[in-house]
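For reference, the structures are reproduced in the following blocks.
Shared chain: chain A. Partners: chain B in the first complex, chain C in the second.
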Partner chain A sequence: MTKLTQLDRRWIFLAMGLVVAAALLVDLKMPVTISQDVRRAYDLIDSLPAGTPVLFSWDYDPGSMPELHPLADAMLRHAMRKDLKVVMMGHWVTGIPLIERQIGEVIRKDFPGKAYGTDYVNLGYKSGQYVVVVSMAQNIYDAFPQDYYHNRTDTLPLMRKVRSLKDVAAIVSFSAGDPGLLMWIQFAWQRFRIPVTGGCTAVSAPEFSAYLQSNQLQGLMGGMRGAAEYEMLIGRPAMATTGMSAQSLGHFLIIAFIIIGNIAYFAIRKREEK
Partner chain B sequence: MKKTLPLTITFLAGFYMILAFFVPHKIIAASAQEMQSWEIIIVAFTLVLGIGNLIQVHADKIHRQKSGWYYSLVLLICLVSMMVIGLFWGISEGTVYYWLYDNVMAPLSAAMFSLLAFFIASAAYRAFRARNKEATLLLVAATIIMIGRIPLGNVIWHHLPWLGAKFPNALEGLTQWIMDIPNAAGQRGIKIGAALGAVSMALRMLLGIERSYLTTGGGN
Partner chain C sequence: MAVFGTWLAALLVLCIYSFLYKDNPLYKFAEHVYVGVSAGYFVAAEYHNVVLPNLLTPLYRDFAHKFYLIIPGILGLMIFFAFSRKLNWLIRFPLSFVVGIGAGLTVMAFLSADVLAQVQATAMPLNSLNNVLFVGGVLTTLVYFFFSAQHKGLVGGTAQLGVWYLMIAFGAAFGYTVMARISLLIGQMQFLLGNWLHILK
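Our next item is the complex of A and B:
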C-alpha cells in the first residue's frame, strides 16, 4: 500500500494520455442531454428575428481555445443561419486573431453569401475593459473609431444601424476569465439592460449559477459539454460532441485515481492505528 | 502638496463619477463620458507598464544569470520579435506575425491548457482524501458533478439494474441541485463579501484614508 501512495506521477500522466488518445481515436457515440442553461442561451438567439444585430465578444486566448472554440463555432453558425447581423470584438488582445480564424472557418466557408460590413463586422480589440463597455453604450464610434481592417466604423452599413451598445438585441461572450462574461453582466446588463449570454470554461461555470438564477444571465454554456449540447440543438454534431468521449473517460479515470488513492490512504491509516 | 493634490484629484474625480451615476443631466452625463474616454487612455498605459515590468524583471534575471535565465532570454527575444514584426509588417492574415501566432503561439498555449488534465489527475490521486467530514463532503460532491456532467455517466446510470430504472433522472437532478443550491449559495456569499470589500476600499480611497496607491512598491 505504501508503494501505491508513492506511485510515480509519470504513470498517472501515461494513463491519462492513453485513455484520452484512445477515446479520441475510437470516438464512442454518446447521447448528449440538453441542460436548461444551454437551452436558454439557444432560445435567446433563436427567438431573434432575421436582421437583428447581436454582439459577439471573443474574450479568450489560444490557451482556452480547445474548450471555447467549439462553443463560438456553434453559436456563430446559429446566428448566421438565423440571418442575424453579428458585430464581433474581443477584450483579450491575444484572442483577436481567433475571430479571424472563426470568420474563415464558419462564415467564409459555409456562408459565402454573407458580406463584410453588412452581415458582420470585426471591431477588433480595444484596451480598457469595462470602460470600453460603458463607452460603447454611449457611442460605439467613440470606442471603436476604426474596425479591425482600419475601415472607419461609421462608414460600415451594419454599424450605421448599431450606433451604441443599446442597439444590439443580445450580447454573447465566450469567456475564459476576466475581462469576460462577468464584466458584460455587470456593465451591459446591470447598467443598460442588454441581455447577456455566452459560454465559459467548465472550471468557471459554477461561478455563474447565481447570475443564471437571478436572470441577469440569459443561459450559459459551460465548457465542452455546453458546446456539445449547443451542437445538438443546431443539429450539427462537431468538435465538442467528438470531444465528449475523451472528456467522459478522462473524468472516470480521475475518479478511479481518487478511489485508489483513498483506499491506500485508509489502509495505511488503519495499519498505523494498530 | 505632493500628497494633497493626488488626494484631491482622487476625491473630485471619484465623487463626480458617483454624481454622474445618479444625476442624469445632459452636461454631467457628457462630461462623465469624456472622463471615461480618458480612462481608456490610462488603462492603455498599463500595457506599457506591464511590458516595462516584464523586461525589467527578466533582464535582471539574465544579467545575474539566475537559474533558468535562458528561458527569460527566449521570452524577451520572442516579445521583441513579435512586436517588431507586428509593428512593421502588420498583423493581418498572411503576414509573418499571423503565421507565428497560428503555428507557434496558438498550439503552445493550447498545449499548456491541456496539461491541466494530467495535473488534475495527479493532484486528485495524491491530495483528494476523505480526511474529515468536510473533505468527504467535498469529495462526494465533486465525484457526483464529475459523473453527472458527462454523457457516459448518464449512460451508466441508466443501465444500473435497480437505481437507473426506478430513478432515471436522479443523477442529473442531483448534479443540478448541487450546482443550483449549495454552489450558488456559496458563490453568492463570496460575491457579496467581495463587493462589500470593494465598496469599502473605494470609499476609503475617495476619503483619503487608504493611501497605498500613492506610494511606490517599496511603500515609501
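Our next item is the complex of A and C:
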C-alpha cells in the first residue's frame, strides 16, 4: 500500500498516454449527448437566412488546436452549407495561418463553388484587441484597410455589404483566452447588441456559464466535448467525436487512480492508528 | 516540404514530451526554438498586418488626407526610448495613451457585462427549484466573502453553505481543466499517430 501512495508520477503519465493511444488506434466510438448550450449556438447559425453575413474570429493559436480546430471546422462547414457569408479574422498573432488552413480544409476542399470575396473573406490578424472591435463597429475599412491577401477591403463585394461590425448578424469566436470570447461579449454584444456565440477551451468554459445564464452569450461549446457535440449536430462526426472516446477512457483512468490512491491512503491511516 | 514539416513538428513534440520523463537538453532545445520562432513571427506579423497597412501604406499613398497618422506613428516610435537610459522618460507619453484608452474603453464594458448584467440576471423569480438554488448560491457565497461580521451563528451557517457552493464550482472547474489537458494530449496523439505515422484509421 505504501508503494501505491509513493507511485512515481511517470507511471501515471505512461498509463494515460497508452490509454489515449489505444482508444485512438481502435477508433472507439462512444455516444455523445447534445447539451442545451451547444444546441443554442447551433440554432443561432441555423436560423440565419442564406446570404446573411457572419463574422468568425479565430482567437487561438496552435497550442489550443486540439480543442478549437475541430469546432471551427464544424461551424465553418455549417455556415457554408447554410450559404452564409463568412468574414474571417483573428486576434492572435500566432493564429494567422490557422484561418488559411481551415479555408483549405473546409472551403476549398468541400465547397469549391464558394468564391473568395463574395462568399467569404479573410481579413487576417490585427492587434489592438477591443480597440479593433470598437474601430470595426465604426468603420471596418479603417480597422482592416486590406485583407490577408493585400486586397483593398473596400473593393471586395462581400465587404461592400459589411461596412461595419453592425452589418453582421452574429459573431462566432473560437477562443483560447484573452482576447477572445469575453472581449466580444463585452464590446460587440454589450455595446452594439450583436449576438455572440462560439467555443472556448475547456479550462475557461466554467467562466462563461455566467454569460450564458445572463443571455449575453448565445450558446457555448466548451473544449473538445463542445466540438464533438457540434459535429453530431451537423451530422458529420470527425476528429472531436473520435477524440471524446479517448477523453472518456482518460477520465476513467483518472477516476481509477483517484479511487486507488484513496483506498491506499485510508488503509495506511488505519494501519497507523492501530 | 510538407513531409519535412511534419517530421520536424513530430520530433519537436517528442522533445517537449521528453520533459515528462525528466528535464533534459532536448526539451530545452525545443522550448527555446518555440520561444524564438514565436517572437520572430510576432514581429514580422505585426509589421505586415498592422504597421504596413494601417500606417506606412496610407502615409505613402495618401499622405495629404491622412496626415493625422503621423501622430500615432511618432507615439509608436517613442516606445523605443525604453532602450535609452537618458530619454526613457519619454515612453510615458505613448504609454499614457495606451493606458487611458484601455481604461476608458474597458471600465464601461466590464461594468455593463460583468456587474450590471450579472446582477440583473440574478434577480429572478423564486418559482422553481433551479432558481431557488441559483439565487441561494449567489447569496450564500456572497455572505462567505463578507468579512465585516464574524462567521458565527446564522452568518456562519450561511457562509458554510456558501463554501459548499464554492467547492462545487471549484470541482467543476477542475474537471474541465482535466478535460482540457487530456484534449491536448489527444490532439498531439492524433498528430503523431495520424499525420506522422499514418497508423490511425
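Throughout what follows, the second predicted complex is superposed on the first by the 274 of 274 C-alpha atoms of A that agree within 3 Å, B and C clash if a C-alpha of one lies under 4 Å from a C-alpha of the other, contacts with A are read in each partner's own complex, and residues count from 1 in each chain.
The definition used in the following text is that contacts are C-beta pairs under 8 Å (C-beta built on N, C-alpha and C of every residue); 3 or more make two chains touch, one makes a residue touch a chain.
Computed from a prediction, not measured in an experiment: that's the story for all the values here.
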Contacts of A:187 with chain B and chain C, given as first, second, both or neither: second
Touched partner set for A:31, first chain B, second chain C, both or neither: first
Which of chain B and chain C A:13 touches, first, second, both or neither: both
Which superposed partner A:254 touches (first chain B, second chain C, both, neither): both
Chain B versus chain C as contact partner of A:216, first or second or both or neither: second
Partner chain(s) touched by A:65 [first = chain B, second = chain C, both, neither]: both
Contacts of A:138 with chain B and chain C, given as first, second, both or neither: first
Which of chain B and chain C A:225 touches, first, second, both or neither: both
Chain B versus chain C as contact partner of A:206, first or second or both or neither: both
Overlap of chain C and chain B interfaces on chain A (superposed complexes): 13, 16-17, 20, 63, 65-67, 94, 126-128, 131, 134, 202, 206, 210, 213, 222, 225, 247, 250-251, 254
Complex interface listing, chain A residues touching chain B: 7, 9, 12-13, 15-17, 20, 28, 30-33, 35-36, 61-67, 94, 97, 100-101, 104, 126-129, 131-132, 134-135, 138-139, 142-143, 149, 202, 206-207, 209-210, 213, 222, 225, 228, 244-245, 247-255, 257-258, 260-262, 265-266
Residue numbers on chain B that touch chain A, as the complex places them: 33, 36-37, 39-40, 43-44, 46-47, 91-93, 98, 101-102, 105-110, 112-114, 117-118, 120-122, 124-126, 128-130, 139, 143, 146-147, 149-155, 172, 176, 179-180, 183-184, 187-188, 191
In the complex, chain C residues that touch chain A: 20-21, 38, 41-42, 45-46, 49-50, 53-54, 57-58, 101, 105-106, 109-110, 112-114, 117-118, 120-121, 134, 169, 172-173, 176-180, 182-190, 193-194, 199-201
Chain C-facing residues of chain A, complex: 10, 13, 16-17, 20-21, 24-25, 27, 63, 65-67, 69, 93-94, 96, 124-128, 130-131, 134, 144-146, 150, 182, 185-187, 189-191, 201-203, 205-206, 210-211, 213-216, 222-225, 239, 242-243, 246-247, 250-251, 254
